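Chain lettering (A, B and C) follows the sequence in which the chains are written, and residue indices restart at 1 in each chain.
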Amino acid sequence: MRAGNEIKRSAAASIWFMFLTFPIMVIKVNTVTQTVEWRWANMLWVGIGAFFLSMLWRYLLMQREMGGKREIGDKPGIIQTIAANRRFSIPVLTGLGVFILVFPHLFSMYQTSIMISALIYVMLGLGLNIVVGLAGLLDLGYVAFFAVGAYSFALLNLNFGVTFWVALPLGGLLGGVSGIILGYPVLRLRGDYLAIVTLGFGEIIRLVLENWSEFSHGPSGIANIPKPTLFGIELSLDQETVYLFYILVLLVIFTIFVINRLQDSRIGRAWIALKDDEIACQAMGIDKAKTKLRAFALGATWAGMGGVIFAAKTTFVNPASFTIWESIIILCTVVLGGMGSILGVISGSLLLILLPEYLRDFGQFRMITFGSVLVLMMVFRPGGMVENVRRTYTFKRKMETR
Amino acid sequence: MKKILDVSNLTMDFGGLRAIDNLDISIHEGEIAALIGPNGAGKTTFFNCITGIYKPTGGDILISPRGRSQRINGLKPNLVTKKGLARTFQNIRLFSSMTVLENVMIGCHPVTKAGVLGAIFRGAGTRAEERFIAERSYALLEKIGLESFANELAVNLPYGAQRRLEIARAMATDPFLLLLDEPAAGMNPQETRTLDDLIIRIRDEDKISILLIEHDMKLVMSLSDNIHVVDYGKKIAEGTPEEIRNNDLVIKAYLGEEIDA
Amino acid sequence: MDFEYFMQLFFGGLTRGSIYALIALGYTMVYGIIQLINFAHGEIYMIGAFTGLIVSSVLTMAGMPALGVVVMAAMAAVIYSSAYGFTMEKIAYRPLRNAPRLSALISAIGMSLFLQNYVLLAQTSDFLPFPSLIPDFLFWEPYAHIISSPELVILGTTFVVMVLLTVMIKFTRIGKAMRATSQDKIMAALLGINVDRIISITFVVGSATAAIGGLLIASHIGQINFYMGFIAGIKAFVAAVLGGIGSIPGAVLGAFVLGWTESFFTGYISSDYEDVFAFVILVVILIFRPSGILGKSETQKV
């Protein structure tokens, strides 16, 4: 790198950013008290920061250019290598299994509660992965199905005394049905239109829940949702949390199992074909509409079940938990984790949910960091954390499958 | 010989533009037929009409693979494929995230039936079906000579091989009629010879009839039993290679009016 | 039905539509040229409003006369919003020019989050009162109850912006280059058009109109907040999609349809479900006309 050139360019960037951020960073206006505060120090920080960051940025971009085309079988990441290699994966998995089993006893209730949230997001991420990662349908309103599940439990319980174990499959079923209902009108829509309409659906559901008070009890929501009971025995709050944790772990394992099976099936292949080339896919005898609806329905089923668990965990639901941002967060777990990859989605969800919790010290800077991470990840590692992952069907010899 | 595809009075309008004008084309069982004509004559549009991508403005498209005739105008593309008409594309449309084998496996979709429950529980029936799909796909790859690339990404293959892969994929759907859209485009003479052999073998061994759109005249003349010539959406000639070679209308359509020296 | 009430709703809708239009233009122009839903566009609008507030406050406290303050604040808002738009494109979108669309979308979302919190942290989470920069015109008094002076200014400004933009797109070389680039980037480049520069210009122009919208609405409503970009952004985007995304007249048409729908529905039916109407209209129109009102239904070449 020609040093002189680099310094000039970084200096230029530095000056540009000092100019750009001048009003907002330096001047703080309070129109209530009619005062103006001048924070010149900020400008200095911006200048210095921009100088070095721009050099780093250009350097990283250059590295990226030299990265070249990716191919399947290219150097896989660490997580994948561990997973693929039996000698490592079995002990790691067993260790993980044990860790999960004793988790609630090692850590506080608060930690367990956070883990429960994270696991719910894992479930949601895996469900959305079917729609976005496998079938390539950009759904920005996924939270709607989550809300359906949560509210169905709340309402069924309020009006008919339905308990958790009955509500769980029902929530999934209602989720799936609403997936079909919402999926049907959007079958003809192309990529970005699909995204906006699904976003619209998500908002419609939330707004209806907020305003149709006779039905959904409006913004204050519904409270006193019962937690699951153990064969009729009532448990203490702490015990309930642990119980819910184990139930969720089992559910997540079940989800992983089902999604794994779906991926490696005739249906899974049809979804991937749909994502790759809709026209060629139809020419292969695949019914486009049915395949899309199937993806929506299955994805929504998982969101529905997640919703029931969420309701049981927080014991109350209100529309504010189901905003666009939720849909966006879930989408981010899928994209950042590694689209189409189960391992990736799990890693993505855990990272995205747990990290901010554990970095609470950075409090105010959480969101801005999150935003930056999104941009940086997309620029430098668009495949996500667990990149490049589709385990393609490897044909060994005749007579032997997988 | 009996007709397996009978298209009569086919018309296709796009707004004010008449792309296909009262076209009659029939294909007989066991035939290798060619559809030729200058660029823009409506050949690929014809394929798109038959395979359900466009709904024809008028006319009848009848198929009769096993005796009884069926009208398939306006049927959705996936249903047309299920009825036994498979096609390849002018611009290669392989599935880019799939391997060579997986691309052919997708072709087996219309002849299999495992659903969501089958996928989740993997009962004996589903497992047998998956084995069947794998073996059948591999056999098709062997037929076209690409079996050693089975686990390669399809888009990494050389161009000529990709075109043959598309053919194998279409064959997997178990068609009675294969529609090939410019299968030799971009191929060198050696690849074209391989293609020539392949197409004949498909007709003879797999008992599939073939209709191809092609610009490579050598290939067309060598392969075809019957040639249909179209220009501006209308048929201007039909016949054996000999007849077409000497047909004035055809020569004029391709080369324009003769200039008197 | 009360005719005067109807006219109030009509002009109210027109005003709303105007603001949506100013923002929607930016969305549709960016989408038309690089097929990206710029989630962070709403934030540009917000930054325009904030910059306007900061500049106008400082100048007013320094004693500058009202007219000068308005002019300076407007210029500052436009310049800074354009600069932010330009920078945003260079950092978050240009490196993703050839990446899958989903990546660019997520990057845009990240940018949106970043900018929102940037303003939040650097300024405040409070709702800041915004001075009414538009004076009440005396000559308009008799009609002020149907449509107030500020609303009149909004309509007028929007109209002027619309005309200028159309002139630019249709008659200038840059406009032609923009149209060419949006239709076929590679070909445009081969013809000697500096595609990168054209894209930057598109972002700059789109941001400028959004900034004007931000100033006008802030002045009209009287307060601003770091979150205002998000809601307005979504609505404006709905408007752009409604009219057919990528189409400039479409964006304007969609914006007015949206503005009127909201105005009449809240005026005659109920004001609770205001936002729902917007989305319901969107869904209904896209079901029957998937590419929007004025959009071109793109048939894929097979």
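Here is the rule we use: a contact is a pair of C-beta atoms (placed from the backbone, for glycine too) under 8 Å apart; a residue touches a chain by one contact, two chains touch by 3 or more.
It should be emphasised that the depicted structure is a prediction, and the values quoted were computed from it without experimental measurement.
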item: A-B or A-C, whichever has more C-beta pairs in contact; value: A-C
item: Chain closest to the middle [Cα centroid of all protein chains]; value: A
item: Centre-of-Cα separation between subunit C and subunit B, whole angstrom; value: 49
item: Distance between the centres, which are taken as Cα means, of subunit B and subunit A, whole angstrom; value: 42
item: Where subunit A and subunit C are represented by their mean Cα positions, the distance between them in whole Å; value: 29
item: For subunit C, residues contacting two or more additional chains; value: 302
item: Residues of subunit A whose C-beta touches two or more other chains; value: 279
item: Multi-partner residues of subunit B (at least 2 other chains); value: 53, 89
item: Complex interface listing, subunit C residues touching subunit A; value: 31, 35, 37, 47, 50-51, 53-55, 57-58, 61, 76, 80, 83-84, 87, 91-92, 95-96, 99-107, 109-119, 121-124, 128-131, 234, 237-238, 241, 245, 272-273, 275-276, 279-280, 282-283, 286-287, 290-292, 298, 300, 302
item: Residues of subunit B touching subunit A in the complex; value: 51, 53, 76-78, 81-82, 86-87, 89, 93-99, 101-102, 105-107, 109-110, 112, 114-116, 118-120, 122, 126-127, 129-131, 133-135, 138, 150-151, 153, 156, 169-170, 173
item: Complex contacts: residues of subunit A adjacent to subunit C; value: 16, 19-21, 23-25, 27-32, 34, 36, 42, 57, 61, 64, 132, 138, 185-186, 188-193, 195-197, 199-201, 203-204, 207-208, 211, 279, 324, 328, 331-332, 335-336, 339, 364-365, 367-368, 370-379, 382
item: Complex contact set, residues of subunit A against subunit B; value: 71-72, 258, 261-262, 265-270, 272-273, 275-277, 279-288, 294, 298, 390, 392-395, 398-399, 401
